[in-house]
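Each of the two complexes below includes chain A, the first together with chain B, the second together with chain C.
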Partner chain A sequence: MDLLSASAVNWSRAQFALTASYHWLFVPLTIGLGLIMAIMESLYVKTGDEKWKNATKFWQKIFGINFAIGIATGIILEFQFGTNWSNYSWFVGDIFGAPLAIEGILAFFMEATFVSIMFFGWNRVSKKMHLASTWLVFVGASLSAFWILVANAWMQYPIGMEFNPESVRNEMVDFWAVAFSPVAYNKFLHTTFSCWAVGAAFVVAISGWYLLKKRHTDFAVKSMKIGSLVGLVAFVMLAVTGDGSAYHVAQKQPMKLAAMEGLYEGKEGAGLVAVGMLNPARKNYNDEVDPYIFKIELPKLLSLLGYRDINAFVPGIVDIVDGGYTLPDGTTSLSFQERKERGLKAIQALADYQVAKEEGRDADAANHEIILRENYAHFGYGYLETEEDMIPNIPLTFYSFHLMVMIGMYFILFFMVMLYFLYKKDMVSNRWLQYVALWSLPLAYLASQLGWVVAEVGRQPWTIQDILPVQAASSAISAQNVATTFILFAVLFTGLLIAEVTIMVKQIKKGPESEGLKA
Partner chain B sequence: MITYEFLQQYWWFIMSLLGGLLVFLLFVQGGQSMLHSLSRKEDEKRLLVNSLGRKWEYTFTTLVTFGGAFFASFPLFYSTSFGGAYWAWMILLFCFVLQAVSYEFQSKPGNIFGAATYRIFLFINGLLGTFLLGVVVATFFTGSEFTVGKGNIAGLGTAGPIISQWQNPLHGLELLGNLRNLTLGFAVLFLARTQASLFFVNRLNHEVLEKRSRKFVLYNGLPFVVFFLIFLIWTLISEGYAVDPITKDVYLEKMKYLNNFIEMPLVMVLFILGVVAVLYGITRTVFSADFKNGIWYSGAGTIVTVTMLLLIAGLNNTAYYPSSVDLQSSLTLQNSSSSEFTLSTMAVVSLLVPVVAAYIFYAWRALERKKLSLDDLNNDGHAY
Partner chain C sequence: MEKEIDIAEKKYNWFTMFWSGFTSMSSMSKTLWIVAIVKLVIMFFILKPFFFPNVLETNYDNDADKAEHVRTELYEKVQPSE
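And then the complex of A and B:
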């Protein structure tokens, strides 16, 4: 079949990656800072101490600047499944559209409504109502994250649906399976904690800056304490939920796990690569060149983490492509060629079904449907050409994953040290640690983006795992058109980012004294 | 008896209602398009920006929800229209991106692009956000150039695996070449501006702006009525895209939309009442210097009128998203909707909408107990 030019598909992928990455610069701070400002306002209402009110109002000002650009970068995503991925939108929209609609109805309106009370309602509603509004902004943002992550989780682990050959699409049959899939709630928890982590790192960094400038010492220390507590909880929970996520990846997306670890040749009792460098000399998936230039491996740990069994077989890229190993359910895995054959059979059966139906040959159609269903699990492979098509970008996935974990480990240590100095020693005079706090901020943002790189690059070529690859998922639009919108968004979002950062920096430099706090 | 057909019609009603709410809430955009013409001084501009600024997120969120709800209920429309009329939607979305940061950024210190830049963004969003939306909605009646072949994904058809194929290389820009589309575009633009003027008359505690706004109700109300009438009459007397309920074939029927009104008299009556309410809000505001509640009549009227208009686009065996190049590719409620399961699941979710409406109403009241004056801006903790 003549698929759309690779260039058009790749521009659409690039555009989605661009717009999603930009959006993801701002959303974590909305959720993380949202939590922290809600905690601070709770302390204000509980203690009556005006210092907590001023602290809250300062962080809310920062929140507002970030929130606006979060919205600006988000709207295009809502529509981009339609504009650039129209086949995807029909083929799986029956399941995928629902979480997006629910996100709009339940979460976005909650955020939008209560944020306006939060900003404009200080002198118009009661203390308790204002506090409730601030918490509802956080709840709304978190709900929004939940529903979009349910949608993304479904891409990775499609469940709760059945294919309907008559309407030529997948149809939802079990909403709860979709909403509470283990991939979904692991992903939601992991992503939520990553947002708390960014918010915490941000608050701690800005507070560190104030201490370095010897300004607003009391405010900075108070903010740092809350930020560090949230941060430590967040990063520890990130490790816990990260393990949960990786476990499900091992079960449901073995190729992604293999890519995360650079594992070409699978083994029993596989070790976890703690640190490693991939060998660029390995050009083909099965050329038997050593995949690593060097690695430090923690023995048996990959089998343990991935399968809860230190001797479990963890399939590598070669095993998954060539097939022949035993799957967790006891069956033998199929090779790429075998899957492609079955995929082509399924696609052909679908075509035959459609033609038979059109010509009124219902008995024939029923037979074709049987063949389709027998082979449907491999439907997406029918669109792939070669073995390489089913392998994601290994270096990008591998390094993103490992760097993300390293940064996570660093932050656990960092926040432990921060809390120690904040509660047991003297933070105010420790300029070295204040510098570290400030300069750690970019690492938090980096780890946050890397997580998404792992999730989304690691799932390539699939828009829906095993069912629909990118090649068959896009819109019928030429590369030039998409390249043009890509450039427009790149320019616009970069301009807005610069605008946002300059405004935020100015607001931070002004400091909470504009809210009535003395230096 | 809740049948699949009932659910499809229920969701078309919801989408129509969302459309009606959206067009009403476009008064924010209307106001943005008048920022420079309605105000003479900087503090007047500030007042306008801030009164709109307390509402802009409702319109934005309604637009986003409109997109999400369309995806969930009629995914073939979402895939065909957005993936096909690519440029029409991209430009529309682009100008909403511009709007989203403009209120927050325009008067903040450290703003390297300057307040004027953001106000131009607001102006662009005001102009294009309304006009383009009108143009696209008009295609529910005028048709667009696309084909749909669900079998394409299985290799049937000759143009690759993509199911929805737009046949015009301009990918949506060609919609601007259709005169009837343009009339609805202008109607929506001038309606938004008229409603914004009514909103200002109602909300602003500023004598000069209030008087000027009252005049603007007339300056914008007249062209709105003219363009709306042209679109309405033209559409009612034109051929429309009918669906044979038995064979599911799409065919052209003379005066289809007028027939829809006649065959659905409740819809027609409500439509007329909506129009009367809009005209009442406009005329009484123009002729009676003390009357400040025009926005409520005009707003309610707009919601009802647009809802009814969209209902006749899709109910009564009408193809709501017609193809002008291949009639049988036209989208109907039956061939483009989600499954019965999804529509019923989403229907349960839709029961929560009154809750959402209730807290929006509460918030609106809590913040708008009195009119907005310059004093409020200067004393409020948070102002744009």
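And then the complex of A and C:
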């Protein structure tokens, strides 16, 4: 996207992406460190070993810095809904609002209450009460994430709602279907484990730095042991829940799966690309050009992951555009043109419904409502001009996905090696591994961000899958206004990030035995 | 009587926990509070009112008008070629 000449909708997308990316620098560390410090404090309460208490207090200080700087950065995303995405905000009605309200009232206040007990309560409340508070901070942060992810999952897999043509809103008819949709709980687990992974990589990296500096050796090794165990569990579970994600994406967002794999021509028994490079000469979805410069494929694996059948047909981009293949429910997929026609019918029916209502022609209004409902599943296609409009950015989705998976595999190996050296060998004398531990941290953050790139870029052009594309969801505002606030956010968030890193580095240099945050 | 003292003492402890926590903060904690408060002030008192008005809330008084605006937008945003 050429930002200088971008439209308001593209500026709005860029602004949302920028804000979400910055917000996501803070969240994973809050949840990941929350778990690690809760485990450490549990060990302190169980063993009475003061070293665990000191370790807990140190990581709580780091948690506190991250929490204070990062708190409420996500609210800016909600500001943007009302200003840049007002059609979307109205259209989604209470479905989006309910999870966010629960998040704000229940999870956030729970988190905030127990954070204060956790910081102020040492030696002032009982050990068990303090431990419970630390665990509840972690639970509160995770619950907070759960409700946000429920809202996000609904956009990827809209369920449990009914469209009301009178109010032009989707109204929730089944709260439990929204809250516990298979996409939502899988997304929650996958995202939560990614937070654990970032927290673990962070603890191991900082501990590696202490070992390199030959400072706080005992504390560093203790922290590394907990960090590596959490890290290994997190990355293995990321692979397991990633498999769940691939399955749901195959069923509900086949275009995203095709983009993740750079799969243009569908096939039975499709292989998973382990390593590959896309051919930039392929400009259009129906070019005859080979989409890959090279690829190493794991035979049949994509069919297995997506459809639990090694010989299943996996549709490619061309198949999804042209239609005509058999869907998992046994029906035949529609082509882009057919879906577009049905989308236009639905949009026209929505307009006609209101005219008929205003003129008192109730029978006509009822007929228009029937046409709208029959075609509602394709509503968003009416806004797309050409076939290319329904295809996300293939290189960005493909490389983000493969890089994320490669980093995930690297970390499984890394944490296994770490645990081997921590328990069977002498970690303190292995400087090369300490360097690896330190310099692996950016990879964990990168993988965490790439996961969101895959999820969000891969579902374009949809804000709500198949129902509302970005161009229909955006407000009628000027590009200049959004560009101005984009720059404001870039400055504000960069300032916050600099503050976070500066204060954190200062605290890390002081080390676990310093006074630091008394509170 | 003994129970009453316990409860009173617990109330006192909860209060002092927060009071002494806030009054004996380290310089780093104070810095963090300042950063957090400045950030929230910028967000809620500058960004929200001046740069992020709620388009529908600002321009329309009731739900029917908001719905009509969105309905019109959804209709007019269909590609001109159609």
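Quick note on the criterion: the second predicted complex is superposed on the first by the 506 of 519 C-alpha atoms of A that agree within 3 Å, B and C clash if a C-alpha of one lies under 4 Å from a C-alpha of the other, contacts with A are read in each partner's own complex, and residues count from 1 in each chain.
Here, contacts are C-beta pairs under 8 Å (C-beta built on N, C-alpha and C of every residue); 3 or more make two chains touch, one makes a residue touch a chain.
This one's a predicted model, so the numbers in the text were calculated from it and none came from an experiment.
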Task = State whether A:Ala72 touches chain B only (first), chain C only (second), both chains, or neither.
result = both
Ask   = Between chain B (first) and chain C (second), which does A:Glu385 come into contact with in this model arrangement: first, second, both, or neither?
value = second
Inquiry  = Is A:Lys506 touching anything from chain B or chain C once the two structures are fitted on A? First, second, both or neither.
reply    = both
Message = Looking at A:Gly121 after the superposition, I want to know if it touches chain B, chain C, both of them or none. Which is it: first, second, both, neither?
response = both
Request  = Check whether A:Ile148 is in contact with chain B, with chain C, with both or with neither, and answer first, second, both or neither.
outcome  = neither
Query = So which one touches more of the residues on chain A, chain B or chain C?
reply = B
Query = First (chain B), second (chain C), both or neither: which does A:Phe109 touch?
reply = first
Ask   = Do any residues of chain A touch both chain B and chain C, and if so, which are they?
value = 64-65, 68-69, 71-72, 75-76, 79, 82-83, 86-87, 89-91, 116-117, 119-121, 124-125, 167-169, 347, 350-351, 354, 383, 472, 475-477, 481, 485, 488, 492, 496, 499, 503, 506-507
Ask   = Across the complex, what residues on chain B touch chain A?
value = 54, 57-58, 60-61, 63-65, 67-69, 71-73, 75-76, 78-84, 86-87, 89-90, 93-94, 96-98, 100-101, 103-105, 108-113, 150-151, 153-156, 159-166, 171, 338-339, 341-342, 345-346, 349-350, 352-353, 356, 359-360, 363, 366-367, 369, 380-382
Task = Going by the contact rule at the top, pick out the chain C residues touching chain A in the complex.
result = 13, 16-18, 20-22, 24-26, 28-29, 31-33, 35-36, 39-40, 42-43, 47-48, 51-57, 63, 66-68, 70-71, 73-75, 77-79, 81-82
Remark   = chain B partner, complex, touching residues on chain A are 1-4, 57, 61, 64-65, 67-69, 71-76, 78-79, 81-91, 93-98, 100-106, 108-110, 112-117, 119-125, 129, 164, 167-169, 171-173, 175, 347-348, 350-351, 354-355, 383, 472, 474-477, 481, 485, 488, 492, 495-496, 498-500, 502-507, 510
Query = Of all residues in chain A, which touch chain C in the complex?
reply = 64-65, 68-69, 71-72, 75-76, 79-80, 82-83, 86-87, 89-91, 116-117, 119-121, 124-125, 166-169, 344, 347, 350-351, 354, 382-385, 471-472, 475-477, 481, 484-485, 488, 492, 496, 499, 503, 506-507, 515-519
